[in-house]
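Let me give you the structure first, and then I'll get to my questions.
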Amino acid sequence: MSELTKEIQALREQVSALHAELVRYGLVVWTAGNVSGRVPGHELMVIKPSGVSYDELTPESMIVCDLDGTVVEGDLSPSSDTAAHAYVYRHMPHVGGVAHTHSTYACAWAARGEPVPCVLTAMADEFGADIPIGPFALIGDDSIGQGIVETLAGHRSPAVLMRNHGVFTIGNDARAAVKAAVMCEDVARSVHISRQLGEPLPIAPADVDRLYDRYQNVYGQR
Amino acid sequence: MSELTKEIQALREQVSALHAELVRYGLVVWTAGNVSGRVPGHELMVIKPSGVSYDELTPESMIVCDLDGTVVEGDLSPSSDTAAHAYVYRHMPHVGGVAHTHSTYACAWAARGEPVPCVLTAMADEFGADIPIGPFALIGDDSIGQGIVETLAGHRSPAVLMRNHGVFTIGNDARAAVKAAVMCEDVARSVHISRQLGEPLPIAPADVDRLYDRYQNVYGQR
Amino acid sequence: MSELTKEIQALREQVSALHAELVRYGLVVWTAGNVSGRVPGHELMVIKPSGVSYDELTPESMIVCDLDGTVVEGDLSPSSDTAAHAYVYRHMPHVGGVAHTHSTYACAWAARGEPVPCVLTAMADEFGADIPIGPFALIGDDSIGQGIVETLAGHRSPAVLMRNHGVFTIGNDARAAVKAAVMCEDVARSVHISRQLGEPLPIAPADVDRLYDRYQNVYGQR
Amino acid sequence: MSELTKEIQALREQVSALHAELVRYGLVVWTAGNVSGRVPGHELMVIKPSGVSYDELTPESMIVCDLDGTVVEGDLSPSSDTAAHAYVYRHMPHVGGVAHTHSTYACAWAARGEPVPCVLTAMADEFGADIPIGPFALIGDDSIGQGIVETLAGHRSPAVLMRNHGVFTIGNDARAAVKAAVMCEDVARSVHISRQLGEPLPIAPADVDRLYDRYQNVYGQR
């Protein structure tokens, strides 16, 4: 088995397993939502097949596509969001993973076209800023991918709320993208609920900077 | 075993298993809610027994009725909503499955008699329009069935919110009806939460059309 | 084994198992909440021990008390709400089961001292009326029991929201009381959410009567 | 095996298992949140490792630190909140356990800097008062620990909502701290929801006193 074959196999296993995290955290219903991972050093990605139940996802059912979204390995059609994932990988070379959900509270902000304000320390840690709104874009061409890249380029946040649609997140790898999707829904929910009974207190921008810097560089295991 | 016996047995298994999806997505409590499927090519349907716990449902406990709601096979009484399911099958020949729940957010809109506005792309995909409100109707005769059929006839939405009651959904088969019930609660929830803090932005009708058309014809596996 | 011993053993098993339904439907956290059942034809009841984790409840750990709340069988202290259960059994001879929870939405109405209006057909079915508010009452004597009995005497509803406290439900047996607790939280939640964005439409009192009558007499298996 | 080694091993098992309660009650997502326990009679505590998934926590992966937060046993870095836990143990000798979460409703109150008013009997039982707000404090030195201790010193509540951050709870042991975290989210949720549709009725201070006294001294098994 070549190195590339081994890498693709490992990524099939990781991406398949990460879909279960979307289910565990209640970010998806039925077959909505998808995760992909870039094959490091190759113009390839591994992504969910379209319209397949989360119960039936296996490493073998994952689809390997090139970065134009053309299927390279796999019997099923890839996710209908494949073009958006591919666009992100082509235009953001540091991105190794992408996740997409219609999670409830993220969609609630997205439907109003309002960014989630950074009023919780956990949000400063992970997002380092407000979670921004991307444009309304139809599926079927590069519009969604362009909207994601234009919104996130130069932004600290790994999450964008696409207007009237849902959330796309990016990360160094697929796991980091899924973590950002989980944290996005968590803070979108807490901030929404806080605002139901008044206005959350702001965090000073310099404190947001300090929290973001520390979390990115000190938290977790080295 | 005749072809019909085999078909009924397969439908007993499918309809029984689909009830577990209502539980999984939190659409039902205790014994409320029910799913049915039409036996293709026959004037028969398979439906849940009345007042039986979801834990105890088996393919064998499902009830076979004719399309007047008379029991053909089964020791138990059929769902108290059997007349409504039967009315739908008699008057909508393209319908192969019906689901009914009192899911929380759908009921919240239904109690106010307000349609759910189509402000999310996932809603345009599945429903192609607002989710409409049906009339207030008492159980016990054809009133509920009539209200469902009159509201959904000529409407893209496979879901109707019956006023002060709950949601009925239709589909090509029982699985599609259950999917519509899951998606109905999901979008009813997201749109409700969005509206708690302001007004969701509309999606242009032409974009709703494009999304609906693509999802119905391109999404999933062919 | 005498008939009484057998009956108590069966009730220990039923009451123990019904506590798992409180957990399943999210009506309780930690050790809060309790269920009891009357031993038919005897001045005895079976009830949860106080402050024991739901994971550790077994038929053997249930406590048998007389209807003054004195322990007859069992090594542990009975539920701190035993006096309230006992009072209900002494004063409502038709009651065979009692349940008590601090479920979230029921508590939300109880904290404001507002009855839940009967605006859903499922609520008309099970409660036949608004879910009423009982008085504020301290634990430690018969005050809670009196408040329950005075509020529910002559009322169709098997549930009472004790002000600033939580819900008590009654039934022909322990299972019916638990069902009422599950349905109470379900409708308290749906009606609350409905009212967040406007006023639910009323159901005509004569229709509430028809729904209640039919559900009590026709629904389920005979 | 020395007595101390046995005690540390028992505490590793307890603290590891208590993290599963944070997951069970939905108080944490991904790797956020942590629990610690003091080694009775020693200047030591057992705490979660930093950034490790809840699925992977084992007694062996727990970290033993001294009360300055220096690692004594363990290959991983301790929780990034270790300094706050250590500060509490140094300054509150009666405290045997500390828990920390970003649970949703607690964060919603914390983001507005508003205490949760004591309007439910279950809240009077466990907290004996409003749940207070602590100061905004950055991670990285003793600021968070100081804020916790200054807020809780002389207060009945075992929980403090740190502004724009989350909840810290204390207890006689780690289990009591986790219980307080569970109850804190439960009452923060019920009171929030109650206030969405009006103002909860107050409980007279003398009744709060009576409830608190009874629950602390009579509830549960002796």
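As written, the chains take the letters A, B, C and D, and residue 1 is the first residue of each chain.
To be clear about the criterion, contacts are C-beta pairs under 8 Å (C-beta built on N, C-alpha and C of every residue); 3 or more make two chains touch, one makes a residue touch a chain.
From a predicted model like this one, the values you see are computed outputs, not experimental measurements.
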item: Copies chain A and chain D touch via same or different residues, half shared test; value: different
item: Turning angle required so that chain C lies on chain D, C-alpha fit (0 to 180°, nearest 5); value: 90
item: Distance from the mean Cα position of chain C to that of chain B, given in whole angstrom; value: 31
item: Chain B and chain D, separation of their C-alpha mean positions in angstrom; value: 44
item: Chain A residues counted as touching two or more neighbouring chains; value: 196
item: Arrangement of touching chains [line / ring / star / complete / other]; value: ring
item: Chain pairs that touch, as defined at the top of this document; value: A-B, A-D, B-C, C-D
item: Complex contacts: residues of chain C adjacent to chain D; value: 29-32, 49-52, 76-77, 80, 102, 104-105, 107-114, 136, 138-140, 163-166, 192, 195-196
item: Sites on chain C touched by chain B in the complex; value: 25, 119-122, 179, 182-183, 186, 189-191, 193-194, 196-201, 203, 207, 210-211, 214, 218-222
